[in-house]
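In the two complexes below, subunit A is the common chain; its partner is subunit B in one and subunit C in the other.
For the complex of A and B:
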């Protein structure tokens, strides 16, 4: 199993084209907004234009008088029919405070863009027009936008019944950081400011709720990453049992965390459908999509170091501005940022303190990297600053401090258990692929011509397959493999795909384990009624647990096929071969279809050696996860620790501050690659997030907390020319506790590439002594830093 | 009761080779007309400001963003949507085969933009360089691939199309 040979009879390890790829290229894939039903109605949402205000009254009478308007719903009326949204990850589980999250604001609004009322109409344009006729009388309050001000004792609480704006404050500590810091050769401080940037899949969210009169139930077609857990949430919101709710997530046009649930519109469409007894659909506008925030954190990193570059302690007091409370899992990314410290580095003395703060900005949702990308950015930018101040090569400084490949499994100082890794091997591979030493020479040559080339390093550890105790974020998942009387195969999984190709990877695994041809397999996902209970797509888990469970189920079905084939051929089952649908024993053979048909039709004679039907359901539950707290109360929520090393080459135009990313090299350890071309695609996509995040994507607000970034002209994502050649190497150190050593792909790339780019720009500008740690590196910001440095050090010689 | 009645405009279009005579609202976008009235769901909404390219179609053989095209301004034009790239039996064109075979797309939501921009490029320039491919694809955003696989797909399409012509 796991043969990479293209001539092998096995599918795993081959870059086969995707089973699901024909739909999108032909325009026939059905994304959520492509579904329409008889009697379809359309919803449009009225959102708060203020960051903080009391709602004194809402007058809906003019909207109701418009012909074609079917229903206008305000927060006050909604509260009669629906309950608050339970949290995806409840802050109380992490010692935090919980706010009541409603689908529509009641009494007051706590952020710009918060839903206040909704109109349902026969046509989209009527709903949109009617929303403009709703009159809300607001008493506008001063908003709390800056997290530092939000933390002051006299700050007004964003959540009126809270005593402060802290969701939670959590320490991550180990060893004796105080002693290490006071006895260090040097303590190097770096303030890293990571800005607000988000996911922005090209398909925005969409929900279409259908009231099923016959069964008095609701079917929700939606852009949903986690259908079964959402069903649980909606059962509480709608006061309906789970068996009266069906979630169907069809083809998804990219998710990256955005389509994890807790959004008000999910419950709203359902209740509107129940009230109107008709299907109600809402398609998120890009402006609405840009409201969903992520990542904004300020880190104050102190590294205690020896003169030789050994890091002896890490202190980081960091603040996350998570915006207004949200039931989505976004806020908890800040927890992962702390938990993943100190990343790949063998630093035992740790003093990290997270302050997760609410403000009157719109809330977060999960975002590719899930906080671990910010850990990488804070660490990598700080380590580069330290290497610069110590006069040590940044590559050497990292290799000196990495956990060594013979130290795994490794108990991290925050309680994590890293499964496997070869961090210096990974980083050196990335360096070699791009010719790191060669670029140093080119850099010197360029500088003589007045060109500023930078070489930057980044590394990231991305724990994958996370499981949070007491939540529906589970470590395991389940698949069913079903072979029909005709020998065709259906695989139903509890995991879902955001468009990443995991159905094909899972089918490759099943084809090999079962012994059938790939094109006889259909993978079915995203339907709570037909698929096994599962936890969907998150945390790079889909192939680890979706593939792992499908392999187990396929093995059991294979055993039945072999047994019946042996009985039909009258041979010993040990002599039966089954590969690519060909069943042989010595010189005898029998068709797969004949065997499968016999299982269903001859259960009382020749096929009685097995229990029909040819179906099996299995669960894969990876090891290493530890939810029973250790003596320090710490858990390990991850089975798998993917990692990646990056080298970025940039050139900065010092007259304009414009940065050009010339080349980027990545070495990626995600364990076994089931379909290498798809795995590469995951890393390339994540790197593109890092490029945009470090250089151009930024969501900004005015001083009143009104969001100014509301379209793709303001929110600048990479286009084709912004992404240079990506040199990708694979470095496989298999995970001992997963099927085939899988580690999970998809998240690694964001934080590592972003850090490498920032470090590269700072490296390019090191002749000026420039160190920019306030992101993103837009041209005006870089230009200003160069000007400031020139003013302060006019006599400084260019090296 | 307030009514949103509007005057209508009569337009005549050929969509994927088929003639349509339609009475439409003057304010409807070509995107909404295609999706909501004519059921061409392969043309996608991504931004409604003309920046993302997921709504790309061809109007008289040139790429256009249907979300910022008022349908009422069009008459007697030939429109090709993504559904028109394959034949009536659903056989894919060499261009589509290349994108599928080489894993050009991940989620595929941007496919209308990428496929039509590539078609337009290769009609003018059958053998483009990487740089020319990037310039051609600038009009459509892809959030999944980092463009690496799209460039690979365009190159494969260039070969595939010239092979199918020879």
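For the complex of A and C:
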């Protein structure tokens, strides 16, 4: 089912405009912050100005005296009413240490920006003003900021009751890397330093907790990616049963992992609402939003290679600075970085060691790519360096080492099972689209004029739809399809949308499976009261499992409609056609509405052949996921392995160090594009992340661990003008274990595009012998590298 | 700092200066609001009194009289860009105003007066005004003063504080035979400028006979570097002048800024790169 023929009666495969896009574009969408209730109160949070300090005392008396202040809550009082936040992914599951995460600091603070107290007031500005009147007496300590220093034996533990600053240290090994390295023609070392950059949706986080007096329950309106799992967490924090908590996630203005839960403000707003018996709202400022960390890793990659470019072993000892402990799933991204080595490459000898370290920087949360983008950056930058040193074309070097398309399903050396793929086909398609060979000629011509053009390659393997055993990160999900007596359709899903358009993709699937028109379908998500128990959006899963489960449910409902239609038309049900809401059998026809109405109203007569109502709930549980450890204790948490190849063309202004991205080409394998516009939109977004991450976005701290980056003047994200023409191609290898071969398209692109850009800049600067692997490639950094190269090689005549 | 600020909207400059002289330091003047409101929204600034000067007629309008162009302080960037008098008499300023950051909304609301009094090192208006030898008129309860823009920058006693109002900018028209340029180094379209330079040149028989150059966004305030480049006068442009400019600039910016867009060493080097680019672009205009 599904095709690319625009004249087809089927929707799958067509670039349908999103059904839910009109609201946000026209300003009519209702975001969390747009919800207000009678007696609405507003919260403002006092955050630690220090990276590490003991809290000696907190004096809230001046704040409490301010007219309009309803409640001031400190960590000490909060501990009486609420419990610590359970971890989204408990480190003990990966052999790690666990810290107690509280909504408000108790006794000491372990990072800049940590919530210390909160004020609730009649107006937002009163709460803000009152916070400035709280007096905290801190005993400031020297912070641990540098992960290398954090790992030293004499380092002070960030978590006071830990014996070291390691959350966990995990090896990912296979084969005989020692032998391969010692017998290699060459061993090429590359240190790749990926900096701290995060995700910054237009809509920051917001929670509005409403105490429902009648039922003594709480409704939390929130920017929440995973409503049901959050409800479970809040039940533990608030000491309330899950059935007394309702989470409603309305339209979301971008999430990218940031709105995965474990944030202190979720539980805080709920308990403040319970204590004040009034609705309490908190809207995150941009300054607060920038406190989230991600990606900061240092890789020491060694590639054992033959002279012909074949990679025989990979060694990588890498350290992740995950900041202070957090209940959000951020820290576990470092695990995925190691687990997805060596990406798309057929390297069997592996010696990778992850050290996940805590420091006094603010903690991580999930961010698009979920660690797999850093795998791509470490691998792609290292492989480019190897190709350069061996004098091999980097495209050829990659194609030589890719897993071949006839090797799937492929057992990776870390225990993963890759479903399908044609990696060299993907990359060659991207290269052809941008005219890779042609740019090599243009590059030479430009150099004669003193212009430095670079051509860079990146590839990214992005497993999607992940499931972690023993956590509410599940591989399956559930949908209900409900057709009313009037023939209109409601689809309720356990998956949610961060604004990516998956409701439209799911509606396209249901329209085809059910046989109705697309505009008769409404997709409802993000409400724990009405939607089936589900796991929300993460890991590019929503269309795979949301679409897969909705398709199953739609098929069952279709069977009922056909049966009743056959009875009404007095024909054999095998002769009944249902497409686009038209029911026919030979030259007979009947309206969909008439059949649906009959199901509800003639249950004891002609419609008695089916059980009313026209509703079905189904779960889709993709195969390939293996949670029973193999003989080496390894699991496969993913059912599908999306991948994408990138070619970036840049021009570097050697006087200023400024890089201009001229063009970028991407070929994407998402298994099957339900709606190409949606897939391309996701790729465009991910590439913009890659552009910002590789060139300008960077979160920095002073020597005392205070975060210096706190607005968009300092955290410079790309704007439309910075994003060049993006050439998009699809090269789909269907996944054999998912509905229609879907692989997911929500994440791939960040690491691949970032690596292509970095490799492109280094390629442009190769006449200077410059190789920058310390990211981001800001203009000053590029400029300094050129200056250094010129100083070291003054005889080299360039430009 | 006040939770319940007051709002005043005087109708004349006289009323306004009287009012300001009687207010404490918690008062702020507000015109386009592009500088103040972000700080207020962030909670970094909680003024006790907002003095809205939008009703002051003396601060409105662009006029050309007695061979002087007078631009009211309330003139928004959009008008500086599009006004025919500004385009005709000081095309450099009109062009530089296009580079003001923040996009259309800021251009429509932000005023030239607000841009000047914020004295932000990275902004785009002052570098041009410096080499145009612009003057500004300042009104306070003590009377009306006219000072050069360079004095305003360099002499702290002219500091506007919260008691004075900048009313207009006065500029002599540029000769049509001059070449001019404004070059801005902006690493991404969303970022602030990292270095900029305005230049005005005059040539005779291809030789430079006068040269005015300023550099902004490198040091805490834009700098007029014309006197340091006097040795360029009398020369026809050639690549050896690059080295002279680079060498002169290298000693001019000991106080170079260091921020997240770039360290001081880079910024210092960018001063000469942008100066060279603006001079070359200005020369090209003459051709």
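Keep in mind that, in the parts below, the second predicted complex is superposed on the first by the 796 of 799 C-alpha atoms of A that agree within 3 Å, B and C clash if a C-alpha of one lies under 4 Å from a C-alpha of the other, contacts with A are read in each partner's own complex, and residues count from 1 in each chain.
Methods note: a residue touches a chain if its C-beta (ideal position, glycine included) is under 8 Å from a C-beta of that chain, and two chains touch if they have at least 3 such contacts.
The structure presented is a predicted model; accordingly, all values stated were derived computationally and were not measured.
When the two structures are aligned on the shared chain, A:34 is found in touch with subunit B, with no touch to subunit C.
Contacts of A:56 after superposition on the shared chain: neither subunit B nor subunit C is touched.
Between subunit B and subunit C, it is B that contacts the larger number of residues in subunit A.
By the touch criterion defined above, A:778 lies against subunit C but remains apart from subunit B after alignment on the C-alpha atoms of chain A.
In the superposed model, A:404 makes contact with neither subunit B nor subunit C.
After overlaying the two complexes on the shared chain, residue contacts for A:252 are found with subunit B alone; subunit C is out of touch.
Judged by the touch definition given at the top, the superposed model places A:700 against subunit C, while subunit B stays out of reach.
Contacts of A:283 after superposition on the shared chain: subunit B is touched, whereas subunit C is not. In the superposition on chain A, A:160 makes contact with neither subunit B nor subunit C.
Contact with neither subunit B nor subunit C is seen for A:307 once the two complexes are overlaid on the shared chain.
Looking at subunit A, you'll find residues 66, 125-126, 129, 285, 711-713, 717-721 touch subunit B in one structure and subunit C in the other. Within the complex formed with subunit A, the subunit C residues making contact are 3, 42-43, 46, 185, 187-192, 194, 259-263, 265-266, 269-270, 273. Interface residues of subunit A facing subunit B in the complex, by the touch rule stated above, are 15, 17-18, 21-31, 33-34, 62, 65-68, 124-126, 129, 199-204, 251-254, 256, 283, 285-286, 498-501, 677-678, 680-681, 684-688, 691, 711-713, 717-721, 723, 725-726.
Subunit B meets subunit A in the complex at residues 1-4, 25, 27, 32, 36, 40-49, 51-52, 54, 81-83, 85-86, 90, 92, 96, 99-112, 115, 133-135, 137-138, 141-151. Subunit A contributes residues 66, 125-126, 128-129, 132, 285, 287, 655-658, 695-696, 698, 700, 708-709, 711-714, 716-722, 778-780, 783-784 to its touches with subunit C in the complex.
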